[in-house]
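Per-chain numbering from 1; labels A, B, C, D and E assigned in written order.
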Amino acid sequence: MIVAIDQNICTGCRECAEVCPAFAIEGDQGKPQTINTDRCVMCGQCVQKCKSYVSILTHGKEAYEKVKKERNIPDSVTEPLFAAYPVCNLDKVKAALADPNKFTVVQCAPAVRVAIGEDFGDELGKLTPGKLAAALRRIGFDRIYDTNFPADVTIMEEGTELVKRVTEGGVLPMFTSCCPAWVKYMENNYPEIKDHLSSAKSPQQIGGAIFKTFGAEIDGKTGADIYSVSVMPCTCKVFECGRPEMKDSGYRDVDVAITTRDLAWLIKDLGIDWASLPEEEFDQPFGIYTGAGTIFGVTGGVMEAALRTGYELVTGQPIPNVDVTPVRGTEGFRKAIIKIGDLELKVGVVTGLKNVVPVIEAMKAGTLDLHFIEVMTCPEGCVSGGGQPKLLMDADRAEAYAARREATFVHDRELPLRKSHESPAVKKLYDEFLEEPNSHLAHHLLHTSYCIK
Amino acid sequence: MKKELGSFVIGDSTKCTGCKACEMACFTVHNQGSNHVGKTVGTVTVPVVPRLFLTKFEYGCMPIQCKHCENAPCLNACTKGAISRIDNQVIVDPEKCIGCKDCMQACPFGAVTLLPYAKDGKVVAQIGSNETRVFASKCDLCKDVPGGPACVRACPHEALRLVDPEAEREEKNIKAAEALLLTKNWR
Amino acid sequence: MSMGIPEVEDAGCLLCFGYNGADSHPIVARRIVRGRQKGMKIICVDPRVTETARISDIHLQLKGGSNLALVNAMAHVIWEEGLTDDRFIQEHTKGYDEFLKVIEKYTPEYAEPITHIPADMIRQAARMYATTKPAMILYGMGVCQFSQAVDVVKGLANLALMTGNFGGPSMGIGPVRGQNNVQGACDMGALPNSYPGYQNVTVPEIREKFEKAWGVPLSDKVGCPITHVPHRILHEKDEKKRIHAYYIFGEDPAQSDPDLAEVREALDKCDFVVMQDIYMNKTGLYADVILPATAWGENEGVYTCADRGFQRFRKLIEPEGDLKPDWQIIAEISTAMGYPMNYKNTEEIWNEMIDLCPSFAGATYEKLEKYNGVQWPCRDKSMEDKGTPYLHKGGNFATADKKALFYGTDWHPPLEMENDEYPMSLSTVREVGHYSVRTMTGNCRMLRSLEDEPGWVQMNPDDCKRLNLEKGELVKILSKRGYCITRCLPTERVKPGATYMTYQWWIGACNELTLANLDPISNTPEYKYCACRVEKIEDQEWAERHVKELYDDIRVQMGIDTGKGAAS
Amino acid sequence: MALKQVQTTCPYCGAGCQIMFTVDADANKIVEAVPAPGRTNDGTLCLKGHYGWDYLNDPQILTKRLRKPMIRKGGKRSPLEEVSWEEAISYVAKKLSEIKEKYGPDSIMGTGSARGAGNEANYLMQKFMRATIGTNNVDHCARI
Amino acid sequence: MNYFVKGNPDLCIGCRTCMIGCVVVHEGKHIFEVDPDSYNFNPRLHMVKTAKISVPVQCKHCENPACMAACPVQAIYQEDHRVLINTDKCIGCKACATACPFGAIDIVSLAGTRQADGSERKVANKCDLCNNIAGGPACVRVCPTQALSLVTEEDLGGAMEKKRMEAARNAYMEIHPQNGG
């Protein structure tokens, strides 16, 4: 169980069904709803939407503590609890941290740093990578790594794959594979198009695979010593890291994933005062990242990052404008044609999983003329993920997403390096470990095949 | 012209899905200052105490809230002077409320309920006991909230409406008169 | 009025011109709605949607200040389309050809841009008026309170003359007078140019008649019109012509006259002001002497209503306090000045008056009692002469040759037009439940409860939206001459760009804003048109407080003990 | 209570409606007004006719009834002082005579009243201006 | 059946004599003598004036009154062909006013009454067809243009009967035109 609805608390308003892209929420209006796990993609949008809270008036004085216990939520939590909720793995994290034999490595997704402050009263979309690193360090992780680094690696792998498919005549269009809910959705509903999916793993899994191999090597450890934790804006990442195939190194790429909200709970639970945390750095070398890595957090970000690098891969020239604005935006489906030398690369960006259906149907009907399509399940990409700080009022939603998006782009602009292939950490990885993108080892560790339903 | 009557918010059970967005918005705006509630759930440290109450009944559900009665039985019942009329609205002063329940009994709509009282991000304990202090929680029409009643704005289905009784009466008068024009019913 | 009020409902066609009976004379408006029920056609000329406009066949919603252009254009259509009553014109009128020269250019197309009324609509209206018999014209302050008032009145008479609509019942033209006894004050010669019974002061034979009756020599010079008084006090260089004493009787120029600031200055500068009234009022603040008179209900006499009806008014209760009837006060002053006036009662005065006025000679108290009133002319004292319901019977007019004269004049625009600083027009109108300057009705509980200070400014809802104004909000309304505060009343009955204020308010005193432009013949101020600007008041609480304070101040000024300090 | 019925003419507007008043003569108070079958009003009245008479009870809502003659003995802006009728009449007569003497009759203006006073008072007023003062300076607010 | 007063916009001139008539008859004749700040001015009908119509609007004394159904304290009841409010019971909650589709109910202050905070009591106020007042509805009586009339069961029933007869006659004529007049 990754995402669930508590039958005792659900009022049956079916507002969650409105936002569920997978039509997985079932039940009569006014009656408690259930999630059809065969359909559910675990995106957590229902969790974000649900306002049916555990109420003293409706459920009694005792209910709150009882529900908290049931859900494995730290005792210290006092905030409202709702009918729709995701799994909480903080107990596993705490256990690993307490285990002296475990070398704990944590990675943190790009969208976490533009949102977690909100749960401590910061303004919406406050950019806090420094505090985030500091908090993780105080929690006691041995290595504070960053998913932005494997995001840069993803670009190398996926970008190379794309160039190959385009130039050598592979299956097109190619879809991105970094959104696990999208991958799950395709597996559930369109297994026949699996070859269109990039074989590259998601940044979380790439990071996990590297930390337990090259990373372990650097720290003089083995993959068995390492306990790998990821902090994700996403409820589905919990599912993804548990997928059976995600252990190509012989060890699970990622041992446990928690959400942004889980991390906020953990910080509070440990009595860490967010407001007074200093700005700190992520650890070397896998804490080094480029602007391209960080924009993975917003819709169109993967595409933009891929184009920044792909342009140079194909033409040998730097892209004229690093801000690839044609692929930015928040519309559910956007298309652009990017001139890369002689090649006119036709790309599409889908955000909000419901919007992918007409795209797939068009593709199957042969009316879709695109090379590369980014798909993100959540409304505006990972910044609006199911594991992100939850808004008390939907009226603030648009403002929150916009602020988180803007903070992401600000972060990108202010970073010294903005293209994945320029990252010294990426260079180091290929120079010292993988040799080159899509190398045999890279393929073994960082690529996978899906549809193992 | 100065308004003579208290406005109020009214729910529409034909539109309400029971999502409680109204309750949550109500709680949020009333605790932004006093209890440091921000925009996300994580900033909440006190129990959710709404001032309107989503009510399920045999034919559906709708929020029930204070009508700001002009001879408010709650106000007339309150011997502590904790309920007063400010700018036409019936307002509870939680500091003065002793939780006697007289107002709850007096209100024919069930629009007042005793709920935990929190201040500065913490529930307040009673003097002389560790029990939580309570207060008569009821709609104050978001008197201090810019933009007016939060519940109305929060509802995803426009199932809540702010009623200005004087303006609405006039509108209905006009509608009734102009309906005559369509039917020529007087001839 | 040439016709009687009851005849209104039997007209075939009513041209209702700048007359809003529903607000000024509900009981005349009743005749209009009854006429409508009987099938009367109604052409309503009014920039606002009035009650009459609402039930009219044709509503000519003309631009304020374009009356004469419309009237001339209607005459043009009647002439051009041959809808005239040529026999009537030939037998009973003079000056038709000269008149045609004036109206020749007033094609409906010429009038359209002036009046903002489509040419075809003007044609339809003219045809309806000219072809439906009998046709009646009623007009009100929407005609009289423009600077071209007399020209428009003559223009309306032209229409009736052209179509032969004089000389029978339910036809002719009727000014529906505002105040209850305007007709009476005119009948009695409270006019600078005529003795009682419309006998001109400049005609030697008439003057001699009055000199003989009154036993003193009389002036042969036309006197000063009331609207010239401020000028004659403030700016007249000749000491002998300057007005040094002003005996104000039952009027309140400091409230009702245009350009109040000038009036107040004049009253302040005038050497000696006597006010004779029933209530303390604004003029009283400047009076050197105040003479308290009995009020309606405490005295008796005769009024003349708008259709020339003499009717008795009677004492209901005994006056309280040291009061005298108006006539008695005047008589005593006159006596004290060496010209004895000794009357025992009003009937004695009345009898002296009717014997000097041929048109009124037969209207004895006896007949007024017996017939419940008499409409003049009533020339014979015999009980058979019961008066005259309508004038000009058989087309015989009260001129030497019994013929009526056509009189054409050109339209000219109002003196003050909207401009950048004052982009809206202001007209004054009447509040149905209040009378004159409200000293009477403002002290009637029910009428005051229905409508009270500071009154309303009627505006089009689009203008209100533009200025972000809501119904009931207090607004500031300004003209070149001053400003006042009143409440906003959005109504679709008013065209964009126009505003209307009822003139009865003391706080919302629109005469602070109006212009003292006078019609050259009637000397009527142009109340119906001036440029103004409406401003939102951000601090409504302050404004409400301010209005209340102003009201309290007025009450204290008027001598009421408000508990906050005694009156002077 | 001695109730009597008195018919009179409405003092508002030129329609000349007839009203039947019921008067309590002992209390010197009006009890009720109902429409009378007048020539113009035909047994109907508007709001002013029905409800426009209680100013006679001097409720002092807007203004106050004048009850005594008053003179500003100290000139403009000095307070009004109550005086006897004799004093008021002779004061006015003296002042008007002085002004007439000094500046001539055309320096004096008088008004008629289009309102409650009635025809007889208007007749006397114009006669006063014309015969006693010697001017045609008399007018009223017909047009206002 | 309940009776009601209806207005005729062809006759109405918007003068509001009806509104004052309503107040006077409900307050009593002493209203002309009392302290001018001490009486209630609460007309139970309202004049509507739009660009197209002038007519007073008042309670229609519905047969299934929405106001009555909405009242939480059973202060609204039907009696003697009319819908009435027991103002002693009324708590001024405005539920009836909200329920009424015609805007026929006002919430008004009662001069001289007090509630706990010292303010005047405010209660629902609407047309009672001049209950217990000789001569019937005052608005009908005082209207200078006879624009208002009381509609009774007989009026409405009779009119319906007449309309049905007319409809029958017309239907008959369609089949038997030769019998037409």
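Note that in this section contacts are C-beta pairs under 8 Å (C-beta built on N, C-alpha and C of every residue); 3 or more make two chains touch, one makes a residue touch a chain.
Just so it is clear, the model here is predicted, and its values are computed rather than measured.
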item	value
Any chain in contact with chain A as well as chain D	none
Groups of chains joined by contact, in the absence of chain B: A | C, D, E
item	value
Of all other chains, the one whose Cα centre sits farthest from chain A	D
Higher-contact pair (C-beta pairs counted), C-D versus C-E	C-D
CA centroid of chain B to CA centroid of chain D, Å	58
Whole-Å gap separating chain A and chain E, where each centre is the average of the chain's CA atoms	66
Between chain E and chain B, distance of the C-alpha-averaged centres to the nearest whole Å	32
Where chain C touches two or more other chains, by residue	26-27, 30, 432-433, 445-448, 450
Residues of chain A whose C-beta touches two or more other chains	none
Contacts with two or more other chains, residues of chain E listed in rising order	10, 15-17, 20, 24, 32, 36, 50, 52-53, 144-145
Parts of chain D lying in touch with chain E, wherever the complex brings them together	29-32, 44-47, 50-51, 53-54, 57, 59-61
Chain B contact footprint on chain E (complex, rising order)	6-10, 46, 48, 50, 52-53, 55, 57, 72-73, 90-95, 97-98, 100-107, 109, 115-117, 119, 121-123
In the complex, chain B residues that touch chain A	17-21, 23-25, 27-28, 36-49, 53-54, 56, 60-61, 113, 115-116, 150, 153-154, 156
Residue numbers on chain A that touch chain B, as the complex places them	11-15, 29-30, 51-53, 55-57, 64, 78-80, 118-122, 124, 261, 264-265, 389-396, 400
Residues of chain D that touch chain C when the two form their complex	6-18, 21, 23, 28-30, 38-42, 44-49, 51-56, 58-72, 75-76, 79-80, 85, 88-93, 95-97, 99, 102-132, 134-144
